[in-house]
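Two complexes come next, and they have one chain in common, subunit A, joined by subunit B in the first and subunit C in the second.
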Partner chain A sequence: MTVIETRLATDTPARAAFPARRLACACVLGAYLIFQALPVYWIVRMSLMTPGNVMGRSDFLPVEPTFDNYRTIFTDPTWYMSFLNQLAYVCLNTAISLAVALPAAYAFSRYRFLGDKHVFFWLFTNRMAPPAVFLLPFFQLYSAVGLFDTPWAVALAHTLFVVPLAVWILEGFMSGIPREIDETALIDGYSLPRFFVTIFMPLIASGIGVTAFFCFMFSWIELLLARTLTSVDARPLVATMTRTASSSGMDWGLLAAAGVLTILPGVAVIWFVRNYIAKGFALGRV
Partner chain B sequence: MDADRRGHPILFRGGAGVIRLENLGRSVDGAMHLEGIDLTLSPGINVLLGRTHAGKTSLLRVLAGLDRPTAGTVTQEGQDLTALPLSKRNVAFVYQQFVNYPAFSVRDNIAAPLRRKGLARDEIARRVADVARRARIEPLLDRLPAQLSGGQQQRLAIARALAKDAPLMLFDEPLVNLDYKLREGLREELRGLFHDGQTVVYATTEPEEALQMGGTTIVMHEGRVLQTGPAHSVYRNPASVTVAEIFSEPPMNVVAARAQDGRLTLGDLTLPLPDHAPAGLMGCRVGLQPHRISRSPGPIRLEGETLLAEVDGSSTFAHFRAGGQPWIARLDGVHSLPIGAPFTGFADPADLYFFAEDGTLLAPARGALHG
Partner chain C sequence: MHKLEDNRAWLLVVPVFALVAFNAVIPLMTVVNYSLQDIFGPGQRVFIGVEWFREVLRDLTIQASFLRQVAFSALVLAIQIPLGIAIALLLPRVGWKSSLAIILIAIPLLVPFNVVGTIWQVYARPDIGFLGRGVNAIGIDYNYTASAVSAWITLLLMDTWHWTPLVILLAFAGLCSIPEPYYQAARIDGASRWAVFRHIELPKLRGVLTIAILLRFMDSFMIYTEPFVVTGGGPGSSTTFLSVRLVNMAVGQFDLGPAAAFSLIYFLVILLFSYVFYTILKMNEGEP
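Moving on, here comes the complex of A and B:
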């Protein structure tokens, strides 16, 4: 923002002659920013207040701020275990999806085989149905094989939706890498796996970053499958949050604190892959 | 046959020996890329000369083992390697694009094929230093490929190929993406980089490159080999109009002509029949190489107007119309020739090539016979 403003002010005097226009820009952007950030602020505010105050007061700043809600979450095993459960299946899903999608995307990008285009399209048909369609079969299947209520159940269920997207994104990145690099490596004596890991993957690091981001985020915010395929042992945070209603009503403060903690990993992931994402959106197929 | 550390046989070790291609063909989805190639590649420099889509790259890829031929065989010293997988061949390949490993430093790039071969650490270091010196990229060893200029990137690719010390070195128009000056310099250096036992196959579209690289020239056109022989001999005695056109930049002037009563008629031009014209000549095609047309007076006078003049490196291509025919002259130095300006070029009858109506050579230029 500041960079743009300085440049506008110094390099283009014609633009500088219209401060009103700049002001209007700033106002629109500012309003949008507030519109976007307000709910986030509001949940942070709520998380720092007692249930009584949440319902009773509408001050902009937190009233009688307290960390009690967070303390509850970090000391009550139901809460912190569900946080860890969620993290477990999300990481599993991301790892499985990448492990499956990387070779698949490479095949689609480099080889021509019978029905390659059809399979590439068919991958997407999985995404055309809402997750609810797959609830019943997953539930039945996982109950039968004893995966029900484990992080694996949710992770595997999520890969069904994430892998097609991951293959598609990665294929775009891989097709941007000249085939000659592959061939040169093979001529130079690299085996395909070694080439893939030591030479090829660093070249599509941005793509892998972007893909990991999408896998992670899909899995992190998905509620329906996560809730249905778990009961007690592997219950995720999002599911626990929907079960906070007690005889004394909803504990809004606690719920808000859990909400804030749900946002944090997403923020962290975005922070780590932010450069890759910028590059990824520019180069690849996102 | 030698074997590598995993016990796989490695061909081409020591020297490639004589590689023989017999009736080689390759077609992809019904499109013919190579057809009926019979060729013998001996140690030394072999230049594949041809225009784009002549099949040069297809042939190199088959030699490298990247593609399988759909017909015919490749043998080395009597051993069939037609279906030998890539991992069991010992070749080096340099592309026209600058292909390096972007995530590796220059040093690691050069060392990569050596590490794959399982050489000792100090041996690798020694070879990297040696090759980097020969390719003149010594000061750049710690940089990444992206931090190099185009010329340096291609030097790196060549260095990596040299480091392998492969008996069969394949170059697919390695200099085409470099600017003119850089190309000239690198071309001269390239010749000195190979050693005797190596078989170098070098594809190019530029006749001058073929002449400078020397060795054997293999002229290719539409997936076939038209003529093979020492560079200068092919240049002076092109077997056909097509070879003459490919082996001349800009393409040779070819004009329909008639010989009658000791006179030769080219369009509106008439001149005495040159001494080296074949006996009993009637209708024919006459070729004149563009650089044989000069502006200093000579026996044949081509007078007309300039159609276009383009500067290519250190010479000027003058397109002009004379005697009802379009001509191209290649003049040394940069000349300013406005469109429509009068242009007079001169040529020597001794420089005329005679081709039959079907394009086969009847008589080369007389100058070509001597030197």
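Moving on, here comes the complex of A and C:
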């Protein structure tokens, strides 16, 4: 931080010399933020209106604002259970991904071994397979092993494209920690697992946080696999939304309220990692 | 960093390897099987070799989807990468303003794909959407269900809204990692803003931009849910991208053989493009 602060301090006189340029920068940034915020505002606005008003009015402010849509969601078990279902598999996915990615990232960052570069690249190729390709095989595979319509199926399926990214981010963070620390700890008599958990993991805590954020994000927003691998018991919110839309016509107000609720956990997660997120990729190797 | 040579490190990779192999290899082999067989029903299947591959490669609608997909991904990269870098340069680097801006910018990333589609479907509607009404009010004819140009603009705007934040975060992370002495040296030399960007910031961003370009390429090339929700592939087939076509084939028409062959070709194309990007971006590394 100190480096950046000195930079800011030395920068200020130069910037003050160009107030016009600074103003222009602020305007461009402001315009971009408005571009980003408007669609979000529009769905919040819709979520506060009755279906009739949603379809009939285009006023900028909500017309006859009401919380009925939210009340429906919080009182109807199909809605609120599907919200919990989605949280369940996303958290499971994040936990599984971190658990397998941590040791692998350590191996990639500390050792050379037979086929290491190939395995790393192979992991990444799985990020390139369109989920649409795997729909049917995944359905068959998870039905065959009896996990269909459980949070485990979706959590495991999502690791396919989450784990490669997790390994890559973690590897970057670990490579930023000097080897001497490992060596000293091992000389001091720590076993590798004990060293890893008690010394090494706290050192890369911010990296683990950022990785968790990206695992959460990519799993939370995915729809296609989540919808294919669940039917009733484990159905996530995103799937409930598409089914409501098809069965009883479009209740846009309800859909918008559900949409707003899907955004909230993400905002909470961003809040926790806001100060680390920028570092997440800076250290990564490419 | 100097790395030790030790094959026992494989033990640490085994969990990831097993998990991904279970998830990737088994389904992939299923797809390979389908692609080489003609299936009439349970237990009734005939090996037909590369027939499906030949059929898919000759299919004119798939060829059209492919060209559309390439154009879409090219536009996505051409818009989002420069825009992302530009916004990252404007962001404050420290303090609460920085945190606030990061949070605001990251929000679209956490909106599920179908919700993104739902938002833009309404937001861009000419009758009840803010964007659609606004654009029509200033005299431009804009209706994404009727005109292919409008549909493309809607999808590009939507994708820019959704994914530019990823490029911004990556570029911002890269900028934060540039040590201060670099800037001091540039100031002593009296370098212009552009020279600082071209000779200090851009080279330092190479790593994060490589990953940004790769991720944006892969995800835009696989885009499915958003165009499916917003335009349903229309009007006509003007926004029927590869994934939309593939899902129609596999789930709509239940043509498993051709769909499997299509899947494999699709996957290989992404692999090939990604490899080419990666090689090109790596090749210029020697440049100052």
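Side notes on the structure shown:
Heads up, the rule we're going with is that the second predicted complex is superposed on the first by the 254 of 286 C-alpha atoms of A that agree within 3 Å, B and C clash if a C-alpha of one lies under 4 Å from a C-alpha of the other, contacts with A are read in each partner's own complex, and residues count from 1 in each chain.
In this section, contacts are C-beta pairs under 8 Å (C-beta built on N, C-alpha and C of every residue); 3 or more make two chains touch, one makes a residue touch a chain.
This one's a predicted model, so the numbers in the text were calculated from it and none came from an experiment.
Contacts of A:A95 after superposition on the shared chain: neither subunit B nor subunit C is touched. Of the two partner chains placed by the overlay, only subunit B lies in contact with A:G189; subunit C stays clear of it.
Of the two partner chains placed around the shared chain by superposition, subunit B is the only one that A:P202 touches, whereas subunit C remains out of contact. Once the two complexes are overlaid on the shared chain, A:V44 sits clear of subunit B and of subunit C alike.
Residue contacts after overlaying the shared chain place A:L84 against neither subunit B nor subunit C.
Partner contacting the larger number of subunit A residues, of subunit B and subunit C: C. In the superposition on chain A, contact is made by A:A157 with subunit C only, not with subunit B.
Counting contacts by the rule stated earlier, residues 178 of subunit A appear in both its interface with subunit B and its interface with subunit C. Subunit A meets subunit C in the complex at residues 1, 3-8, 10-11, 14, 25, 28-29, 32-33, 35-40, 42-43, 46, 54-58, 60, 96, 99-101, 103-104, 106-114, 116, 119, 123, 125-138, 140-141, 156-157, 159-160, 163-164, 167-168, 175, 178-179, 217, 220-224, 237-238, 241-242, 252, 255-256, 258-259, 262-263, 265-267, 269-271, 274-275, 277-286.
Against subunit A, the residues of subunit B that register as touching in their complex are 64-66, 86-87, 89, 91-93, 95, 97, 99, 101-104, 112-113, 116-117, 160, 164.
Every residue of subunit C that touches subunit A in the complex is listed here, in rising order: 1-10, 12-13, 15-17, 19-20, 22-24, 26-28, 30-31, 86-87, 90-91, 93-94, 99, 101-115, 118-120, 122-123, 127-131, 133, 161, 165, 169-170, 172-174, 176-177, 179-180, 183-184, 187, 206-208, 210-211, 215, 218, 221-222, 224-225, 242-243, 246-247, 250-251, 256, 259, 263-264, 266-267, 270-271, 274, 281. Residues 178, 180-181, 183-191, 199, 202-203 of subunit A are the ones touching subunit B in the complex.
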